[in-house]
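Paired with chain B in one complex and with chain C in the other, chain A is shared by the two complexes that follow.
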Partner chain A sequence: MRRVTKLVAVAAAATFSLAACGGGSDSDTVDSGDSPTSDIKVGLAYDVGGRGDQSFNDSAAAGLDKAKDEFGVEIKELEASNGETDAAREERLRLLADGGFNPVIGVGFAYATSMGKVAEEFPDTQFAIIDDETLAETPNVTSLVFAEEQGSYLVGAIAAEASKTGNVGYVGGVNTPLLQKFEAGFKQGAEAVNKDIEVQVKYLSQPPDFSGFAAPDKGETTAQGMIDAGADVIYAAAGGSGGGVFKAIKAAGADHWAIGVDSDQYLTAEADVKDIILTSMLKRVDTAVYDFVKSSVDGEVLTGVQRFDLSDEGVAYSLSNEAAIEPFTAKADELKEQIIGGEIKVSDKP
Partner chain B sequence: MSTTLEETPLEKKAPLLGLSKPWRMALYAFAGLVVLSLIRVITGANDLTSAGTVNAAVMLAVPIGLAGLGGLWSERAGVVNIGLEGMMILGSFGAGWIGWQHGAWAGVLMAIAFGVIGGLVHAVATVTFGVDHVVSGVAINILGLGATQYLAGELLADSPGGGETQSPPNSGLPKPSIPGLSGLLEPLESKHWFLLSDIAGILRGLFTNVSLLTIVAILLVVLTYVLLWQTPFGLRLRSVGEDPHAAESLGVKVRLYKYYAVAVSGGLAGLAGGFLAIVASNLYREGQTGGRGYIGLAAMIFGNWRPGGLMMGAGLFGYTDAMQLRNAVAVHALLLVVFALLLGLTVLNLYRRRWISAGVGLVFAVLSLIWYLNTDELPGPITTMTPYVTTLLVLSLAAQSLRMPKASGQVYRPEGK
Partner chain C sequence: MNKLNADTARRIGLSVAAPVLAVALSVVITSIVLASAGNDPVETFTQMIEYAQEPRTTTLIINAAVTYYFAALAVAFGFRMNLFNIGVDGQYRLAALLAAAVGGAVELPKVLHVGLILLVAVIVGGLWAAVAGLLKVYRGISEVITTIMLNSITTALIAYLLTADKLAVQVEGSNNIGTPEIPASGRVGGIDLVPDSKLQVYGLIVLAAIVGFLYWFVIERSRFGFDLRATGRNEEAAVASGVNVKRMVLISMAISGGIAGLVGMPQLLGASYTYSLDFPAGIGFTGIAIALLGRNTAIGVAIGALLFGFLDTSSQILDLEGVPKEIVLITQGVIVLSVVIAYELVRRYRIVAQQREVGRQLSSAAGSEDSKPQGAQA
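Let's turn to the complex of A and B:
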């Protein structure tokens, strides 16, 4: 009997430790024979959502995969869990830096505080953070940031052109300064095309509650409310909640359009809703990650603040829903040239 | 013996206007509707009683209500279940994992099964081993999250359209409507007449596009009432939550009843999670529950550990949440609704000679009126917290004589052991 109890205790302990590392499933990759090899070991820590979110994190993963295939770098990826503390993020970065991974990339502004600390502990390791530039002063941190307001400006203009009711919506996941850049650009773009347009704005949750990125039901309810109030084009900058917005638009029927974000969601969304996705505001996190890894393989690592914008295709709008987007590309491309040329200044504050 | 088990009556005063309870409730509901309609006409915020709002409110209320119902079963048998959130997470994962492969109903069953597993773990810890209920519940919340993250990595990572944090979409459940009703009521609703259009909007919201699982949820509330308050089984189960030693002396198998209750509790919480993954959205997504298990627990407490009160709590939360998600203008009008509600409660509290509550209610009522008159729109962060504040205010001022099951939260050890 006693032995049985012991066995149970061991099994229980095993279960707990499994559960404890549930958030940290990782993948080591060993080079196979015929691919190019490199001594560089790249560590990458994901934001909440991780690989498979069909949006922001997947975009980072795509860039990493491409770098791995081309340069044969060794990679290690660690996942984040919902509602974790800064201490957990610190631990994750430290684990990578300690394991000899250099460079170490943190996906998302959530890593700002923790990376600031860990970067000081490992002065010889090059770090990179996506979507944050508060660490611009730290010499071994590269800030990879995007001009989201410029891309959002273009989709805002497209939304205003496509809208028949003169009423468009913006659904943001969590009310953070980053998401406010999307809102600001979208509004300015819409107003540039139609100065009387009504732009409805709603954030699904307020920080520090980040559930707004993972609540498709709330995205759907909000979009439904906007449609009932007259909106016919809605821009979903809400991570995983965007799927709910697409559902609401689909249910509203013809002449209603959704605009996706980060990845080309016309290609990644569920088959039955993809035809209502007019375009997506592309944020080339993959390009940023790839360029950064490439620079470290080349031996001239990118440092300081690296801003990706319309001029280098770091942000863009997607064209994959060809028939739908075709009537609006002329105007959007004209505005794009004006932004690149500096004739239009897009503010990043709503 | 049975006298000790009887509920202490909520009000000792003579009932209002000498009406019996159902009539009184109907009167309150009608008065509320008239006030709501008046406010809608005054403010022009037509979303207050639109079909869309009511429909969204039901969708948001059901998971909270089901979680609360789970809490009610468990606490009625004397086991505090703070692990509802973890069981909901397990349920949403079960539904998402099976739902995309074998259909939505299989997903629902899996959600219940996963919830029951969570409930049984809680029962083993608290009933058999006498672990503190709160400690065990918190452990289940952590375990539920960790286990699903681990399982998702194993079971969903390679699925088409899924990943480590989400499942592929499932087909969902049918959402039938009463035929012809929508066509009949929609023109009436769009006239925006006083009272008539409101009733039309509410009826249309309640009876069109109702998910089958919503109907199941409402039946479960009724079933819970009948089982726990109208049958010998229910009497025994509740006696275990009031005084387990007395129940034991009368031959009730205390531990067995606790097991029943906590397992059912887990199943209901799992179903709440399944509702999120199958009806509210069509996939499992990590972090989807968003603390709704805790809100369900709160709804149960404010509902005085009764199914009816719990439904009102969940409904109020769902309604205000739907408002804030759908329409910022209407949320501003909601300030006026809060004013009216609090004013009504103040009058009621004055009538019951509860001076302090009446005073507090009046202060908040006046504050919300001043706020309404001096602003045009609420700032975003405040809009988002409306459901929490409103529910807290209204329920804490309305329900004063809360009485939890006497032995709830206590560790029970059988006599002579």
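Let's turn to the complex of A and C:
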């Protein structure tokens, strides 16, 4: 009997860990009311987390929704599972291409290998991948990539200016090369303003554990630790975990600031913490998805590597917390011009 | 002779009853969930089955099952001895990383190259599991705790090793990072097992069959297997009959980990040729569920692996049809829980049946011996 009880416990643990990759939402098709209609069918395959992750995937979803409302395209969204194989990703893309969806968008670098294979099989379908440019040579794959290090450079400079203690923090969601680009930019920006500044760097989880993007509790503890060690401005490049960082900053009281990421978190965060969000590093995945779908509707689809950076507002810093950000815009805009002009080169390696 | 056959048939019938009951129950519960969410259960299952019959999908199901099979055998080997190796997940990831690194670093003739990669994987998996074995034997720490903790340590260790200045290379323009690709001599080609499918079944399915056979042979037909099962059923009795339990624990743990080391091999040698950030994770936990479902036997586990492969692979079609594919997680969860309940029910039924049988034999024996002056009452 003891053995059976033990087995149940193990089984339950296993099931929970399997179920932990839940989430999910339904996909829908356009209704043909008085809204515009289009023959274009857009297929989109999400990264783990899917619609509703308050981060990267949601940003892609926002772009897709906007395109749907504006052009009346039919959309289909498929979700990814945690820890899945390339074969599963390949099959997802193939189902979309096979179902007549064109263009097909893959959200996240994990789709690189699988998209390479499926794109070869469906030469008449246009594909797009976000955050990867290894398929630049494949004619029917559009690479949508971002200069995250440039935007992070600007918020790094703002953080250094706003800091009174000369000590700032970077909280990364998951320690991957992509997030290291954010870290690299932030550090360089902070050091450009104050070369003696101390930049604390912490990641919430290590791959393949991607929970760091959805662990507000870890975000809060980590930020608390940084505040205790003297930091007064913290950049949260951690998706849904950013909420925890905001809480810790709020609790630390006046003269402590948080910086958001991806979307304008001053507008999306909980009402009680929004006043401490100095600015956000905007990574316009929504713009990229929208532009790509729009080009498809217009009949002149974007191809090759589409890089979104400071010059086309593909990355930027937000101004919605007007009173707070106002003292720092002059310096930030000056640096921005220098980056666009090429006088400042921002490295993407920490 | 006839009676013996009938007994065997009933024994097999009983041992099949539990998993079948569990699967049936989970289909019923999944149907209820589907219906209450406004989806037609019959249509949903039909879609999944039809999709599974496409040659491509069938191939993918078999490939998923090959991977699951190794994981489930690794868990089952420990289970047979009452050892709970929850660390299969960490063991196979570490094994795959180091095997990929070694495989990508050398050039050897085909057989040697593949052999070397597999050997590294088995040794790494085995040693990593042996850590838990050592702690149990010499410090009395439950392997449940240590293997779970070792999973976390593995994750940190891999994060440390999988960086550009250690085992990995960064490809220009990619946000992924992985070990150098294993050259052609270290890869295992596929087999055209499913007719009309453009995809091939992993060549390592042959290895899976061999490991499955060895598993059966070692557990059921060798002295070591007898000692192992004896220790699993009753440790004191095993000690009394001269089994060195400490040694058994250590060896079993290492073998379980060695099998776990093979989990990542079909993917590594048959598909990705590199260990990168998106290498499949979490298969070790699926293995626990399948080992439970398959009653820790080589054949049962194979069937369980195919079932889970079917559920995972076919679920993709559901998303396209507007049914949340997470529904299969419910199915899998219910299978695992109900299989435990079903085994308990079958076990009780078996005891009751045995008691009845003994009672009948005793009473009939008593009846026939009444005439004798002194019956053997013992």
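Rule of thumb we're sticking to: the second predicted complex is superposed on the first by the 322 of 350 C-alpha atoms of A that agree within 3 Å, B and C clash if a C-alpha of one lies under 4 Å from a C-alpha of the other, contacts with A are read in each partner's own complex, and residues count from 1 in each chain.
Just so it is clear, a residue touches a chain if its C-beta (ideal position, glycine included) is under 8 Å from a C-beta of that chain, and two chains touch if they have at least 3 such contacts.
Every value quoted in this text rests on a predicted model; they were computed, and no experiment measured them.
After overlaying the two complexes on the shared chain, residue contacts for A:247 are found with chain B alone; chain C is out of touch. Contacts of A:175 after superposition on the shared chain: both chain B and chain C are touched. Using the contact criterion defined above for the overlaid structures, shared-chain residue A:298 touches neither chain B nor chain C, since it reaches no partner. In the superposition on chain A, contact of A:333 is made with neither chain B nor chain C.
In the superposition on chain A, contact of A:69 is made with neither chain B nor chain C. When the two complexes are overlaid on their common chain A, residue A:82 makes contact with chain B and with chain C alike. In the superposition on chain A, no contact is made by A:255 with either chain B or chain C.
When the two structures are aligned on the shared chain, A:91 is found in touch with chain C, with no touch to chain B. With both structures placed on the common chain, the touch criterion links A:275 to neither chain B nor chain C.
In the superposition on chain A, the residues of chain A contacted by chain B and by chain C overlap at 15, 18-19, 21-23, 25, 79, 81-83, 175, 206, 209. Of all residues in chain C, only 56-57, 60, 63-64, 82, 84, 86, 93, 144, 155-156, 158-159, 162, 170-177, 267, 271-272, 277-283, 285-286, 288-289, 292, 312-313, 316-317, 319-320, 322, 324-326, 329, 332-333, 336-337, 339-340, 343-344 touch chain A in the complex they form.
Every residue of chain A that touches chain C in the complex is listed here, in rising order: 3-4, 6-8, 10-15, 17-19, 21-27, 76, 78-79, 81-88, 91-92, 95-96, 99, 109-110, 112-113, 131-134, 136, 143, 145, 175-178, 206-209. Listed in rising order, the residues of chain B touching chain A in the complex are 47, 50, 52-53, 56, 59-60, 142-143, 145-151, 153, 156-157, 161-166, 169, 276, 280-283, 285-288, 290-291, 322, 325-328, 380-381, 384-385. Listed in rising order, the residues of chain A touching chain B in the complex are 15-16, 18-23, 25, 48-54, 58, 79, 81-83, 175, 200-206, 209-211, 213-218, 220-222, 224-226, 228-229, 240, 243-244, 247, 270.
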